[in-house]
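Consider the two complexes below, in which chain A is the common component and chain B and chain C are the respective partners.
Entry: the complex of A and B
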């Protein structure tokens, strides 16, 4: 019991506490000074570059969450309800992408979206465009890449919630005269709301802290919080501002986790 | 049955979206030229040959070593935590649960930045590389192992230990001969999830790697700055296949089953 506790305190709690305190101190040449300051936060909240990075991160998170719920719900519903003998294989195929790193899966989108990539080749061959288009670097490409990478998480979350619905409720609705479609919209969909919200928050919160996809499919003009933190840590070498940015990211993640827990509690009560 | 047919068509389209990029990546790796043509023109194994050169095999082996060690250590450390959290009620239990699941709640990127600053400010910069990566990976893999083991403990009737004790077994003997064999599947599943999480991580490794001591994900990411290379497509397929093979073997031998839900990253 002492070993895991020591590990978590020393290498999880302590570094995070250190980040929090470093964000209120000036740093020089990767060493902390003794000067307490709010300048790190002031810097971030006054420069348009970083204000835009916050806004872009938020837009990416919301878009990814929405796309994943819209795509994940029908897939999860199908996987829970199908009586196909391929059910096991289909579930495995839907979750298998989780075994590949986000770097690898984003690379697939790089192959498709780059200027000399598959999408441009295809559109040129079809005569839909006359010259090559720059699909990336762009915020749209980041959204597509992340929505693709995080879809299995949303599917898992929604499947979990759909499996918890008592099938007798649907039979009851149908015996009272509702058809399948009406039963779905009046019974199943409302009952699976915690799964929808949970799936949305899960992909939202992973998306706002993702580094690889924005780094590969974005560029200097499409900075998000994660790429900005990396920049401060490795290129600009202002570790205190990097710490402040990390603290802001943590606050967002904790707020989202809190909302998810509240919805989870309601799910338990249902 | 018309709505169901429509749903099936939608689901097929979603599968194309999900698996398309992976299929294209695999196909492109067999291209004859160094362009990302799809469908591939000509057939060549030259990119695969290059993928098996030391430049790519070294970080791959590094990732395997890191992942296996991180899985082993985090599973061993997870056992006492899971027992305490699943079986006992004590003061500070909520705090311990929060601390244990903390690395799941907070972005791994932040943990990586925090560990980098900790090592730097503590004057332990020389540990950046394998040691720092191993520590970081154990921290972020721990919650997966704890959660999976805790689930299998919760489904275990608590009186099996009492039954063993009434038959004369000591506490340790009951644990070793009765409880551990019964939660074996959960332990194995937890270790597998920990390995996969370590092997696919990039957000934490980004800050703790150094040249010569970097996992395959960080290596690929660095290489991508130079643009497209079919070698990378081949390497991507290899890094995708390794955990897949592992999971299929474990699923066959001991089963992962319902623990899949515990593999969710957060929430």
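Entry: the complex of A and C
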């Protein structure tokens, strides 16, 4: 118990403490000074560009979480309840995207969404558009890419929750006169709420800290917090502002994940 | 008894597994050199690293990862001990910062004798003795020769609609100022409007006007190559060395020096203060400046030597900076100023392009 805790402290708490301290240090001409300041936070909260990066990050996180829950739930339900002898194969197929690197999957979307990509070619061929549309770089493209990349995680989480529901409860509801739809909404859905919340939190957390997909589908002109942090840390070499951004991201993500977990737990307990 | 035998067997097996590494480490000196991947990796290994290994009887481990700023971030994060002995591909802004922060070894002609042969202008660009500039290139203008007429001015990139009309819409590329290529192109844009590093306003006006014609936005220079290859980008500022390399391999592009001139860039090899094998690192830096290696490297990478007197074929030399006059005419903006203002420029660029 003590060893894992020490490891956690060493590799999580300590770097985060260093990050926190760097965020309060003034940086001049790319160099950290010894002067304490709140200027880094002031800089970030007074620039619309970074306020938008912050807002965009959470729009992406919430959108990806919701899309994955909406798409993932029916799939998870089907995979848990199907009696097909191909059940194992179907589950493997649903999780197959995890076998490819997220960069490869994202470049798949790049080929589809770019101005001279498959989507534009198709719409032009169908006569739906006259001029090519810039689907990317955009927030929408980031959401699509991440929702696709993270769907298997949500499916797995919801499947775990659905598998834990005693089938006799559904039989009991139906024996008392409830039809399949009412049984689903009154019994299955509330009981699977912890899985829904878990799936949402998982995809939300990964989405708000994702770097590769926003970097490829959003590019340098459509920043989210992860790409902005990377830019400050390794391209502009301004570690103070990079650290302040990272602190904001970690604090907000933990707070929102905590709220979502509480809501999920409360709904599950009802 | 059985336990003792098992221990002996295990010790024997461990020694057998470790032996090749122990023997190699003891018998051959090792140098770790960081540069970058892509086409650069194969070239630098073939032209510079393998001949160095052969001549000095040493082993070079080539760490082909990261860009100049990422590599400097590693040096800074490790307080000068990034795990490589030579930072082989820094640019002037990182070198200047490295000297200020005390992360790079100060060099003299005693350690690196070939430093005395560099172009006179070298030490105006980076602090004296801060590194070994081994490659000289410039930010050229490249265009798709099957799609566009030959451009003449930087204005043909910044205001492409004037020369090419609407057909160029979506075929112009922009680079994030985190890439020095973008900074240099912005400086040219500022100069077109009588501005410069001290007044970038004309550059922002041109960026706003150009925005609706931009189809691709990237950060790294290497990221642009697929867009050149698939015909999406028709006009771009681009490093002369890489341009020459890809054009030689059949890319339907041509590289020009616009009438306003170009901005030059030195690629610099430095030794981090915490390098383990400094002696061999200095030998490597000296090797990079050797006239024969300078010639081979220039021809392989389509770049210019960083010292006078390197004989190159006339046709090749025509697109390179090889004379004192050409070097004198080439702009080398103050990298200290660029370093200090890059954050604000990036912010402004992002506000316009976002």
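Heads up, the rule we're going with is that the second predicted complex is superposed on the first by the 235 of 270 C-alpha atoms of A that agree within 3 Å, B and C clash if a C-alpha of one lies under 4 Å from a C-alpha of the other, contacts with A are read in each partner's own complex, and residues count from 1 in each chain.
Heads up, the rule we're going with is that a contact is a pair of C-beta atoms (placed from the backbone, for glycine too) under 8 Å apart; a residue touches a chain by one contact, two chains touch by 3 or more.
Only a predicted model underlies this, so the values are computations on that prediction, with no experimental measurement involved.
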item: Chain A as common anchor, with chain B and chain C clashing or fitting; value: clash
item: First (chain B), second (chain C), both or neither touched by A:222; value: second
item: Partner chain in contact with A:157 - chain B first, chain C second, else both or neither; value: first
item: Chain B versus chain C as contact partner of A:104, first or second or both or neither; value: first
item: Touched partner set for A:13, first chain B, second chain C, both or neither; value: first
item: First, second, both or neither for A:231, with chain B first and chain C second; value: second
item: Chain B versus chain C as contact partner of A:211, first or second or both or neither; value: first
item: Contacts of A:30 with chain B and chain C, given as first, second, both or neither; value: both
item: Partner chain(s) touched by A:137 [first = chain B, second = chain C, both, neither]; value: second
item: Which of chain B and chain C A:52 touches, first, second, both or neither; value: second
item: Of chain C and chain B, partner touching more chain A residues; value: B
item: Stretch in clash, chain C with chain B, out of 43-51, 61-69 or 331-339; value: 61-69
item: Residues on chain A lying within both footprints (that of chain B and that of chain C); value: 30-31, 114, 116, 233
item: Contact set on chain B toward chain A in their complex; value: 3-4, 7-8, 10-11, 14-15, 17-22, 24-25, 28, 35-38, 77-78, 80-81, 84, 96, 99-100, 102-103, 105-111, 113-118, 120-121, 135-136, 138-139, 142, 196, 199-203, 206-207, 216-217, 220-221, 224, 227-228, 232-233, 236, 239-240, 243-244, 247, 260-261, 263-267
item: Residues of chain A touching chain B in the complex; value: 1, 3-5, 7-9, 11-16, 18-19, 22, 30-32, 71, 74-75, 77-78, 93-105, 107-112, 114, 116-118, 121, 148, 151-153, 156-157, 160, 180-181, 184, 198, 201-202, 205-206, 208-212, 215-216, 226, 229-230, 233, 239, 242-243, 246, 249-250, 253-254, 257, 260, 264
item: Residues of chain C defined as touching chain A within the complex; value: 69-70, 72-73, 76, 94, 97, 100-101, 170, 174, 176, 178, 215, 217-219, 230-232, 336, 339-340, 342-343, 346-347, 350-351, 353-354
item: Contacting residues of chain A [partner chain C, same complex]; value: 29-31, 47-49, 52, 114-116, 132, 134, 137, 219-223, 231, 233-238, 241
